[in-house]
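What follows is chain A paired twice: with chain B in the first complex and chain C in the second.
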Partner chain A sequence: MTAATGEPVLWNEAELAEFRRMTLVWGITVLLLLPILALLGYFMRLYQSGAFSGMRAEWFYAVLTLHSLGMVGTWFVGSMAGVSYLLLKYARPSLGVSKFAYIGTLLGVLLLIACTLGGLFGTGWYFLYPLPLFAQGVWAPWATFTFFLALTILGVCWTVWTLDMLRAIAQRYSLGAALGLNYLAGKSGPELPPLILITTVSLIVSLSGFVAAVIVIALFAARALGVNVDPLLMKNLTFFFGHDLVNITMYLGIAMVYELLPAYAGRPWKTNRVVALAWGAVLFLVLFAFFHHLYMDFAQPTWIQKFGQICSYLLAVPAGVVSIFGTLALVYASRMKWTLASTFFFLGILGWGIGGIAAVIDSTVEVNFHFHNTLWVPAHFHTYYLMGVVLIILGFIDHTGKELSGLEEKPSLSKLTTALLLIGGYGFLFMFYWGGVHSVPRRYAIYPREVMQGTFYARVAVGFITLLLVGILLYLWETGRRCLKALT
Partner chain B sequence: MIQMHAFYVFLGVAGLLTAVFLYVALSTRNARDINIQSAYSLRKRLFFIVLAVLLLGMGMTLGKTPYPKGNELPDKVVFVVGKQFSFALSDAPITNDQEYEASTFGAPVQVPAGSLIEFRVTSFDVNHSFSVYSPDDHLLAQTQAMPGYVNRLRVRFDQPGRHYVLCLELCGMGHHRMRGVFDVK
Partner chain C sequence: MPQSSYLVPRRNMDRRASKFRHRIRPLRLFCVAWLAVFLLTSAGDAFAEESFGKPSQEPPNEDRYIYKRIPDVSVTTASGVQSLSSIWRDKPLLLTMVFSRCAGVCSPFLRSLNSAISDAGGLGAHYRVLVLSFDPQDTVADIETMAATLGVKSNADWIFGVASPSDIKRLAAVTGFWFQWDQASEQYDHPSVVVAIDRGQVVRMLAGASVPSASLREVVQELRGKFVASYALAGKVAFRCFEYDPHSGRYTLDWGLALMLLPGMCAILATAWVFAFLPSSRRKRSLL
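Showing the complex of A and B:
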């Protein structure tokens, strides 16, 4: 293996084998978390359809919190683990740090399960200040403490992981080179793999998000000690953190597609001036687009609201014109090898695009006035995730499992799995979009008279989720087998 | 209804994108080399088209925000407080829990149809969302109810009748049953 600098990347076979094992462990963990968290989502839509009318609504909100945080965390670590593995070709990330992050993630997940399913902590994933401190007798102080302890542990280990990957890149590429500045200056070399460019951009953004999270947790602690904290400041910091975390999860997934899809298409995908410019634009725009989460906070200055819309809109340019077009140009009339993995990469980019269209629409202030906190919101981010980065990460796990196990896929089963995921997935999503269009609020355990159409939409969604779950189970059976064989 | 217009735009653009992806996927049945310069040229055109569409969208919408405009005065002010788990609306400021209770259980505030109404919205505890539904159950307008802040939501109601207010910001176990009410006459 050689780096772009021409120097050899020194991995001996034992080190590589250990890294492969760790990647498989991450992959299998993601595959174990997926059905559990998906079933929690299934429970939520079932509850909204009226299936569990005898069960207290507190359970819905606790499950909502676990499902949402669990999914955000699972796909973040899935993206990080995937990119970390692909980075081995170009840099030396630390195996020890990956293990540290793994243990921290497991501990954080256990604590989250304890405070939500054990303590009925039910603030939703963004724990909007000061809601965690206003339990109304539903969750006890220990649950609030455990929640913040979980976030702290996850934050610390993921920040260390992020810093280590940046360190690994920095040891092979200067910051300017890693951000593609050579290309912007008109030079064509040294060659910078797109993986390095996108990962560098993403990790800088995620680091800033983690800093915001630290401030949020510290200010919660200050409030618990009796210090007055500005709720608008907290909301800005919380959404800056959350927006960054989910976006870089997707960008790291995109990085995996840039790295892996070329081999399937039989064509290269290289960094050039336009790609470098695009990701430089992303680095700037994504740091400010989060303002679109606060449009309905009229106390926020109007110029900031409009700036948020402008940044959110302009983010569609690098995404659409460079990454999505690049995918299409790579695949168009190519000798494309259509496997489960490559199909998932291709469809994942489409899903990211569709979610992006819904997001840009909702990032219009005038439209957001009618869509904010309706089902349109989970519609668009579930599209980004379920039909976007989740497909990409599942594709990566399958690709890696196949590579390391040598077990081939059965094309007919792959087609059936893909069809079930698409029909079940987009059907489930459509009911969210339709609900948003018809003013149904998000995060309602029970739909009151004014929005009782939400109950019917939930029932239809349950049907589609059933198909989706069958597809997920088929995928888990095949890909899980390959990963376990590779591990043993 | 703006929601439906937005949905049609979404379906149109998403449908177009899906069709392009399908076309590209099917093209792999006839593999051939492509001219990379043609691809770059197409990308350049796509860049200008996408940018033009986005600039048009911004131009059409950035001036239509729901934020209060300094050059207009409301015809009537309604004071709103959100608290776990009810909205209190009143013609007079609500400054404490007693006034909140009285306004929650009192007769609904009445506002004249066609007039510019300003809701001054705050919260006594956590973030809520003051979200107004029309008599035929469409989400008409919303703003956040945040402790320590007053958000001013200005709306003109054309349709007379009872308007319910739901909370659209997760605020605890009673979030889904939190409501307020006022009448447009």
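Showing the complex of A and C:
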């Protein structure tokens, strides 16, 4: 194996086998978590449709918290594990650190399950200050402590993992080269794989997000000790962290597509000046786009809100337009080999585009007046998650499972799986969008009389989610089988 | 209600008791017992009427009372009886409650309010001030004396008045105000609060031993119809992102914003450290 720089990367077979094994372990863990967390989402829509009228609403919020944090965490580690595996071609990430991150992630997930399902901790993923500290008797102090302990463990493990991957890239590339500055300067070499460029940008951003999370947790601790903290600062920092983490997951997924889709299309997809400029712009813009989460916080000065809208608009251009246009150009008139993996990569990019458009619409202040905290919000982020990065990561796991097991896929089953995921997924999302347009609020366990139509939309969504779950189960059966074969 | 009006002086009770000691009859004993119970109950009622609300070391929490509708109570002033709504209908109102026998915070508080109003301006043009006594013993003359002492008796935009105990309690209930009679000091324990009322609703509350000019200026901005998006709540808040300057109506950056810059700076420094200093197989260890 040689690096793009022409220098050999020293991996012996035993090391490679061990790393592949670890990647499969990550992949299988993601595949196990997917149906569990998806069922939690199913439960929530069932609850909103009135199926569990005798159950305490606190369960809805506890499940909401676990579902949201669990999904965001699962796909983040899924994308990190995927990119880490693909980096083997160019760099030497540490296997030990990957194992450390795995153990930490498992521990964090267990603690999250304990505090939500065991302790009914139900603040939502954003644990907006100072709600976790004022449970009103719904959850016990131990649940709050466990929640923050889980976040701390996950944060530490993922920060170390992020730093290690940066270290691995730094061993082969200078920072300027890894960010594609030579392309911007008009030089042709050294050649930089898009995977390295996008991963470097994403890891730097995720580091900043983790630091923001550290500050948030420290300020929560200060509040617990009696120091009043500015709620506006806390909300800014929380969304700095949350928005970055979600975006980074998406970008790491895109990095995988840049790396793997060319092999299916039979064409190269190389870094050029436009790509380098686009991802350089992402590095700057993504740090400020999160302001669109605070449009309704009128204590935030107007110029920040305007800046947030401008950054949100601009962010769509480099990452979204360049990558979507690049994908279409790569596939157009090519001898594309359509497998489950390549189909998922392609559909994932399109899902990202669709969700991105919905996000840009919502990031317009005037529109946000109407859509803020309605079902439009989960609609757009579920679009670029479920129909975007989730498909890409599932595609990667399928690609890797096939590569390592040697088991071929059944085209008819792949088509059925894809059809079920598309119909179920977009049908489920459509009911979110429809609810948002009709002012149905998000995060309501039971809809009040004024927005009772939300109950009907939830019932329709339940039907689509059933199709989606069947699709997921078919995928798990096929891909899980291949991954297990490769592992054993 | 005067505390003493419901109580029989102790020496009178003792004298009556000594008479009864010599000629006790069952019927009389019953009557005396009944009278004693009645008097004690009445005395308890008298104490209850002297106090209202739950005493607290903390100032009333504005969050709990904001936008509460003010009851339309009757206020008796030197000009006669008028409804509170007739006072706030023309202009917004700053309401504060004091008592004339106060040997503590009332007079200094009113002086600081007067001083802050002089500084903020707009009295008469944009708002008026109502100083209401919550002490049932206070008369219009008592409260007018306070106006004279403050030097605002001739100012029509300073209104001094009294109200019935039940009306005072209704007002106190929607503004978080409380008062408790302390027999030892013969004084009321109570918070010092200015309640800004616009169109019959609580729009702001300022609590504390004095009224800071800057805070009152914010309130006046609001009463003028200007939207003040952010202001400091009672108690210190660490790391505020922005500070509102009521003089200019602008925001200034505060230390919290420095914390907002920290994540990005840490990420840049950590990346630079990783690329510049960690062992590398690159021939050149340059950052770029």
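Note that in this section the second predicted complex is superposed on the first by the 487 of 488 C-alpha atoms of A that agree within 3 Å, B and C clash if a C-alpha of one lies under 4 Å from a C-alpha of the other, contacts with A are read in each partner's own complex, and residues count from 1 in each chain.
As a convention for this text, a contact is a pair of C-beta atoms (placed from the backbone, for glycine too) under 8 Å apart; a residue touches a chain by one contact, two chains touch by 3 or more.
These numbers were taken from a predicted model, which means no experiment stands behind them.
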Worksheet item: On chain A, do chain B and chain C fit together or clash when superposed?
Response: clash
Item to complete: Check the residue A:L422 against both partner chains and state whether it touches chain B (first), chain C (second), both, or neither.
Response: neither
Item to complete: Go through the superposed model and pick first if A:D230 touches only chain B, second if only chain C, both, or neither.
Response: both
Worksheet item: Any idea whether chain B or chain C touches more of chain A?
Response: B
Item to complete: Go through the superposed model and pick first if A:A222 touches only chain B, second if only chain C, both, or neither.
Response: second
Practice prompt. Considering only touches as defined above, state whether A:A299 meets chain B (first), chain C (second), both or neither.
Written response: both
Worksheet item: So, does A:L314 touch the first partner chain B, the second partner chain C, both, or neither?
Response: first
Discussion item. Just checking: does A:V390 make contact with chain B only, chain C only, both, or neither of them? Give me first, second, both or neither.
Written reply: neither
Worksheet item: Touch check for A:I204: first (chain B), second (chain C), both, or neither?
Response: second
Item to complete: Using the superposition on chain A described above, determine whether A:G176 touches chain B (first), chain C (second), both, or neither.
Response: second
Item to complete: Share the list of chain A residues that count as touching for chain B in one structure and for chain C in the other.
Response: 230, 232, 298-299
Response to the item:
Within their complex, chain A touches chain C through residues 7, 163, 166-167, 170-176, 178, 181, 204-205, 207-209, 211-212, 215, 219, 222, 227-230, 232-233, 236-237, 240-241, 287, 298-301
Worksheet item: In their shared complex, at which residues does chain A touch chain B?
Response: 56-58, 61, 122-124, 128-131, 134-136, 138, 230-232, 235, 274, 296-299, 302, 305-306, 309-310, 313-314, 316-317, 320-322, 324-325, 328-329, 331-336, 338, 346-347, 350, 353-354, 357-358, 360-361, 364-367, 369-374, 433, 436-439, 441-448, 450-451
Worksheet item: If you look only at chain B, which of its residues touch chain A in the complex?
Response: 2-4, 6-7, 9-10, 13-14, 17-18, 20-21, 24-25, 27-28, 30-32, 34, 39-40, 42-43, 46-47, 50-51, 54, 57-58, 61-62, 64-68, 84, 125-127, 129, 131, 133, 137-144, 146-153, 164, 166, 168-177, 179
Worksheet, complete the sentence: chain C residues touching chain A in their complex are 227, 229-230, 235-242, 251, 256, 259-260, 262-264, 266-268, 270-272, 274-276, 278-282, 284, 286-288
